[in-house]
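Both complexes shown next keep chain A, but they swap its partner, so chain B is in the first and chain C is in the second.
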Partner chain A sequence: MVTIRIFRYALPLLILLLIPGTTVALTADEIIKKASLVYNYAGDDGVARLKMRIKDRRGRERYREMTMLRKDIEDGGRQYYYVYFHRPADVEKMVFMVWKNIGKDDDRWLYIPAIDLVRRIAARDKRSSFAGSHFTYEDVSGRNPEDDEHTIMKDELLDGRPVYIIKNVPKDKDIVEFSYYVTWIDKGDFLPRKAEYFDKARRLYKVFTVEKIETIQGIPTVVKIRAEDKGRGGETVVEFEDIRYDVGIKKSVFHERYLRRPPRQWIR
Partner chain B sequence: MGFFRSVVAMSVDHPKKVIACYIVVTILFAIQFPKINIDTDPENMLPADEPARVAHREAKEEFLLHDAIVVGVVDESSEEGVFSSATLVNIGKVTEEILKIDGVVAGDVMSPSTTDDIQAEGALLRIEPLLDISRTVDEGYARSVRDAALNNPLLKDLLISGDGKAVAIYVPIREKSESYRISQEIKKIIGDYGGDEEYHITGLPVAEDTFGVEMFKQMAISAPMAGLIIFLLMLYFFRRVTLVISSMAVAMISIIWAMGLLIGMGYTVHIMSSMIPIFLMPIAVVDSVHILSEYHDRYGKGGDRKEVILEVMGGLFIPMLYTSLTSAVGFAALSLTPIPPVRVFGLFVAFGIFAAWLLTITFIPAYIMLVPGGRPRHRDLPQKKGDPPLSRIQRGLGHYSIRHNKLVMLSIAVVLVVSIYGISRMRVNDNPVKWFHEGHPIRVADAVLNKHFGGTYMAYLLLEGDSEGVMKTPEVLKAVESIQEYLGSVDVVGKTTSIADVVKKISYELHDEDPAYNIVPENGNAIAQYLFLYEMSGDPDDLLHLITPDARKTNLWVQLKSGDNADMRTVELLVDDYLEEHELPEGISASWAGMPYLNVVWQEKMVAGMLKSLMGGFATVLILMIILFRSFLWGIMAMIPLSVTVAFIYGFVGFAGKDYDMPIAVLSALTLGLSVDFAIHLCQRTRQIFSEEREWGRTVDKLFMEPVRAIIRNAVVIAIGFIPLIIAPLVPYQTVGFFLVAIMTISGITTLVVLPALMSIFKRPLKIG
Partner chain C sequence: MRKCAVVILSAVMTLYVFTVCVYGAERVHGFFEGAYGLKLGDERGEKNSYNMLEGRLQARYTYNPALMEDWDPELFLKGYLLADDYREAVDGKIRELNISFTPLAYVDAKMGRQILTWGTGDLLFVNDLFPKDYVSFFIGRDDEYLKLPSDAVKVSVFLEDTALDIVAIPFFKPNNTIRGDRLSYYDILLGGIEGKKSDHTFSKPPATFKNIEIASRLYRTFGAMEASLYAFKGFYKQPMGIRDAAGGEFYFPGLNVYGFSVRGPLSRGVGGVEVGLYDSSEDRGGRDRLVENSAIKYLAGYTMDLGDNLSIGLQYMLEEMLHYDSYRTGLLEGDFIRDEFRHLMTVRLAKLSMNQTVESGLFVFYSPTDRDIYMRPSVSYSATDDLRVTLGANIFSGRYDYTEFGQMEGNNNIYTRVRYNF
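Moving on, here comes the complex of A and B:
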């Protein structure tokens, strides 16, 4: 898989570097596809501690802390997520697992430790809130580039860095709550820097801002991101800590039976 | 008084200057009108810093509650009700469009397509919007939506009616002031996307707005209409358009002054203050009717115009001063109530009365001086041809009541006793929805929705704990649950909703819909995890309407089937009793919020305040009467028609089964102020005539000529003038109309029948024979 990736992306980049003075203009589709890979599929797997501060529209804060494991089955394709909650204390040991599918609904499971129960959760709606935050499931696991039509609006500087500004219009507008969204993608590392979502009446209602990027194991990684609800007010800030890539998480971890027995190797 | 008499003389000497001066001042008041600010918010019945209101606002903020427009979708024509595929698709589309309206809190809109349902399907837990029109909506799906809705105690009777015939869409709005525009846009959407099913639009903000619109109509139609009828009646009595115009001008100008001052001082026009013109109209006209009546009669007999005016004014000056003072006192006494709009109303009516008095003693004499032409033509004179029916009634009345004075007194005593019994049957209750007449779309919508749902009147029982997380403990949730169970047995309560319901529903679904698990779990962590599960799938803000993020406070929704304050009061008292017997867990306290509760708070204040202001007004008027007549007995006597009128009218209200509500309460001031007027005129003139005639029989004869005619004309003009109000679309205006007719009739009759009878009995102590 790694080799595939080199051929697919490093090669064109290499060519680009070798021929000075020429620029190959990327299409909007290519930019988004690349951004999706950089943002959602870094490494083959990954583990991180998430600290989530949710402020409601009156500024009242709730705090969540969780460990998230991810494994890519196929770059740009299927992925597994395993989310273990540490805080708040009364929900400790709750586990949430998602098999992200392409072209069909995701599979989701939830473990409720207080009654030692595992339930599969129907997940028609990827646009509902993740853990009571202002992020949706799709915001966490990434929206499939194939779901939207992409057009480059313009090139611009954002905080002094050149970015692509891309407008994304959903192909099936009935199953999402937005009419379109705009993403700012850094021309250097291809990480999204900002996204603005517009509702069906084309009013801005949600803004995502990447607030901090660090290079971890050579991979530029978003470590702090803010989601603001511009309609009702309120926001969520997520910080990623202890990020590690390619730690060799086995596929078998992402199985129903592991919901009751979290893999101690990564979750402490 | 010398000063004021010279004011009258000055007006007669310099009529043009006086009138020019009034025109300028009136223009100054009139240019304030464009600044008008309508206020129909029932919350403003309480002062902004009233603790109950502050608590209500805090609760609204803490639980993210907005005022909502309610769209009721009803289909009673078929078996499946609103759960046909076509109707469901329409509901989905209408909702989708409503979400696009500016000023709507889109994320908080509650509709079948925006509200999540939780359902177990074997090992699968489904948390999805109840209605999803992006999938194929066929009859089978429609049925499954209905079953799901009826199986979800959180949605049933709130969003979906138990009989499956109706669906409600709650549209919270950011600013109440925008509700008119938003409801118009909703109407348009319904026109575009609705089908054969019925749509009703209601909710507090809509009711308030509609009320504001109707209020304007009333101000613009009813008041001028009453004015027109008064004008025509006066024309009938006095025949001279130019003279009658002066009287109408007094009413118009004093209304412009009072409203101009109110608006200019930055007060909002509330339902109460919108009635200022209607209240001022009769009061402003009465004094000038006396002047015109006597001027008309005397000038017809000959004499110099200026001398006749001065003579008429001389005779009427004191009674006019006192009738104005008493009316003003009656209204000013409303400032003793703790309800701001009533206070403002009372004080500005009092100001208007003062203005009317000033105009009557200056403007009218000046105007009469300027009027071209002169004497009433011969054929108009009552002495020659007169108005025989009126004259006959007058004489008959006087003689009858004096001859049968004991019988008159007995029957009045009976009337008083019966009235007092009636008053004891009076029920204190108000219901702002009932301020609209029956058949008004708002009342129809209200009736339809309350028939199908758990009630559109939402009160909130707030529980507050002393530590974080306490509202998620099994102990507290069980207490909440038992309060709900108790409320379920109360008739007027249609439905209750709490965080305990959410927990129970999730528990039930997680345990494969096993009824044994439709309970609050014993384990605190289980509660937290169930709620977390809900948050993880639904809209995280949903739960915040029921519990604060720190779980220190919780909000139990209590839906009432009617907006009657009396019903809310019943619920409040029952819950008090219940909590007395079943104490809440240590450290938990309960309090109320919500509009129905605020209505109860101001109603209680109103009743206490009105009693105080009625007593205060009564005492002041009595003192004024004693000062006026320099006699305790005369003072007491002048209060009798007033007392009989107040007792009779409120006794009638009690018997008629009409609730003692805000407009009726406020009308006591009008009754107090107006029904003493005739007595003042009658007593004053009796004493005046007696001092000239020195003989009781001749006094009575003279009294029942011009003075009594003025009183009768007065009563007839006002009583008939306000009859059109009785068919007004707003009930408070109808009430005012009814009261004015009743006040004029009852106080007129008591004055003309009871006072002469009393005088003839107590001739000696009264020193009139």
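Moving on, here comes the complex of A and C:
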């Protein structure tokens, strides 16, 4: 493990030294692509327990708790998600499943245990709220880097760490509610640290702040993130617990069988 | 009434405290619900100012015993206590009591009382022949109660992308249909819309080995497309046969259904098609006027996300009566004549607002051939994670007294439900 890490960091450095006169500067596209891989595609699969605290603008709190399973079909490409709800009580045992597609709409299913119903959900709108929180579906499963034009605004220090600040402008403005967003990406681990979204009037309306990062199985992982609605007020804080990577989740888990009978190996 | 309510409430509280203490609050969930439905229609029922006034405690409990862990057994219990003022009765009912297990890596089994659902329809059913409770549906109870449980054994076999479900139901359970006590309807024997005056008997098939109902589904996924084949052998869930017209005896004739469905992404939404051939096994030629004719049901559906938490669902159903000429020949003077084709459309609009705490919806059934309509508007608000208030209505209208929704005209209602989840 240690040797691998030495190689991971040493190799690029070596190349840098061997090629005199060149400075290896990543383009904005490369940075965003790398950040997307680090943030959304860590390991080949993963399982985590999500605790979501949603506060509306009047300060009323709601609480969601779920187990999320993820499997990557290809890095940077298709993924399967399986979200099992533990809380609130009225949606306990409900399962939401997504086959994330690149270049076409996702496939979504919802299982409603009280009536044993597997429902297909039309999933055109990736920008609607996930489970009533301040995160959209796309915030949960990751926005495709190809959907935006990226430019580096500047390099800076954020909390003492060097970051890239990148402006992202959507290619298709009609299907999103923002005009652009800015992300702060750590130069060391390439995890996003912060993102600011600007509405059509170019006013700041949403801020995501990564509040805690832990290294799990050698992978730097966001374990706490806050989304604040600066326009209307309110916020959602998500904490990830019991994170495990590469646990060997089979592709077959993401099918109707396991909607009706959740895989207890991972969901307790 | 007041004394009764106090007794019920204390019984309910004791039961709740008991279950929580014994099993721990983490494992027992459920709700308390109060529901009231104001009747706007006729005065033919047993009570005429309302058709729902009830309190319900529903609890569910999941238990994973630490034995035969390779089979991953899970015991599930869901029951309720219903204090029903309309019927002036308190009922305790087990809604689900079943055990699920995985005897082989590719086989799942579920035995006991369970809710069963399949097919592609939204509140319309073609190949789902499992029992339904239309009384609950029409008076404004939660959608959950449209489905009635079956005492059944379900075995599922999974091979790659293909799966087979086989369900055996040894004890016949019919739909809970309108019989005039709470909701008025067109009584074909009395020849008009009737309420409590309607008094008939409904004979169920006896529980014999031969009468075990079998429902099966073979399905396969092709990427995001799902294709299913269905076969059912059993009985009509509605009393579609008359055994003794003078004595007012209805029964549930034999029925076989063969069908298929396809569902998957289509253009900007999700589309589906489902077809079922209803083989009325006791009247194959269609000559018997006292037994329902065979039929084919065609259903096409499409749902789309319009953005901004608004979605729309559209369905079109065509029911074709087979052997229509024989049916016409068999009729007697005075019988009303049904059409060969019945067209039915539905529209569902659903909107989430205020951080998805408010859910507004409208579901409309409309039949251009029967010239009747049924509208189900509703709004529900989650005041907290645990407290939900629902307001809704069931509105029926039709040109003729004898059509599916036209006969319901006297049953219009506005209802409200308050539910506390725990």
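Methods note: the second predicted complex is superposed on the first by the 245 of 268 C-alpha atoms of A that agree within 3 Å, B and C clash if a C-alpha of one lies under 4 Å from a C-alpha of the other, contacts with A are read in each partner's own complex, and residues count from 1 in each chain.
Note that a contact is a pair of C-beta atoms (placed from the backbone, for glycine too) under 8 Å apart; a residue touches a chain by one contact, two chains touch by 3 or more.
Since this is a predicted model, take the numbers as computed values, not measurements.
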Clash-or-fit label for the pair chain B, chain C on chain A: clash
Chain B versus chain C as contact partner of A:174, first or second or both or neither: first
Partner chain(s) touched by A:56 [first = chain B, second = chain C, both, neither]: both
Partner chain(s) touched by A:110 [first = chain B, second = chain C, both, neither]: first
Which of chain B and chain C A:147 touches, first, second, both or neither: neither
Which superposed partner A:99 touches (first chain B, second chain C, both, neither): second
First (chain B), second (chain C), both or neither touched by A:200: first
First, second, both or neither for A:121, with chain B first and chain C second: both
Which of chain B and chain C A:90 touches, first, second, both or neither: both
Partner chain(s) touched by A:132 [first = chain B, second = chain C, both, neither]: both
Interface residues of chain A shared between complexes with chain B and chain C: 54, 56, 60, 62, 88, 90, 114-115, 117, 120-122, 124-125, 128-129, 131-132, 234
Chain A to chain C touching residues, read off their complex: 54, 56, 60, 62-63, 87-90, 92, 99, 104-105, 107, 114-118, 120-125, 127-129, 131-132, 234, 252, 255-257, 260-261, 264
List of chain C residues in touch with chain A within their complex: 29-31, 64, 72, 74, 100, 102, 108, 114-118, 143-144, 146-147, 156, 158, 161, 163, 219, 221, 224, 226, 263-265, 268-270, 272, 303-309, 311, 352, 355-357, 384-386, 388, 419, 421-422
Contacting residues of chain A [partner chain B, same complex]: 54, 56-58, 60-62, 85, 88, 90-91, 94, 96, 110, 112-115, 117, 119-122, 124-125, 128-133, 172, 174-175, 199-201, 203, 205, 229, 231-232, 234
Chain A-touching residues of chain B, taken from the complex the two chains share: 61-62, 64, 96, 99-102, 105-108, 116, 120-121, 123-129, 132-134, 469, 472, 510, 521, 523-526, 528-530, 532-533, 535-541, 544, 548-550
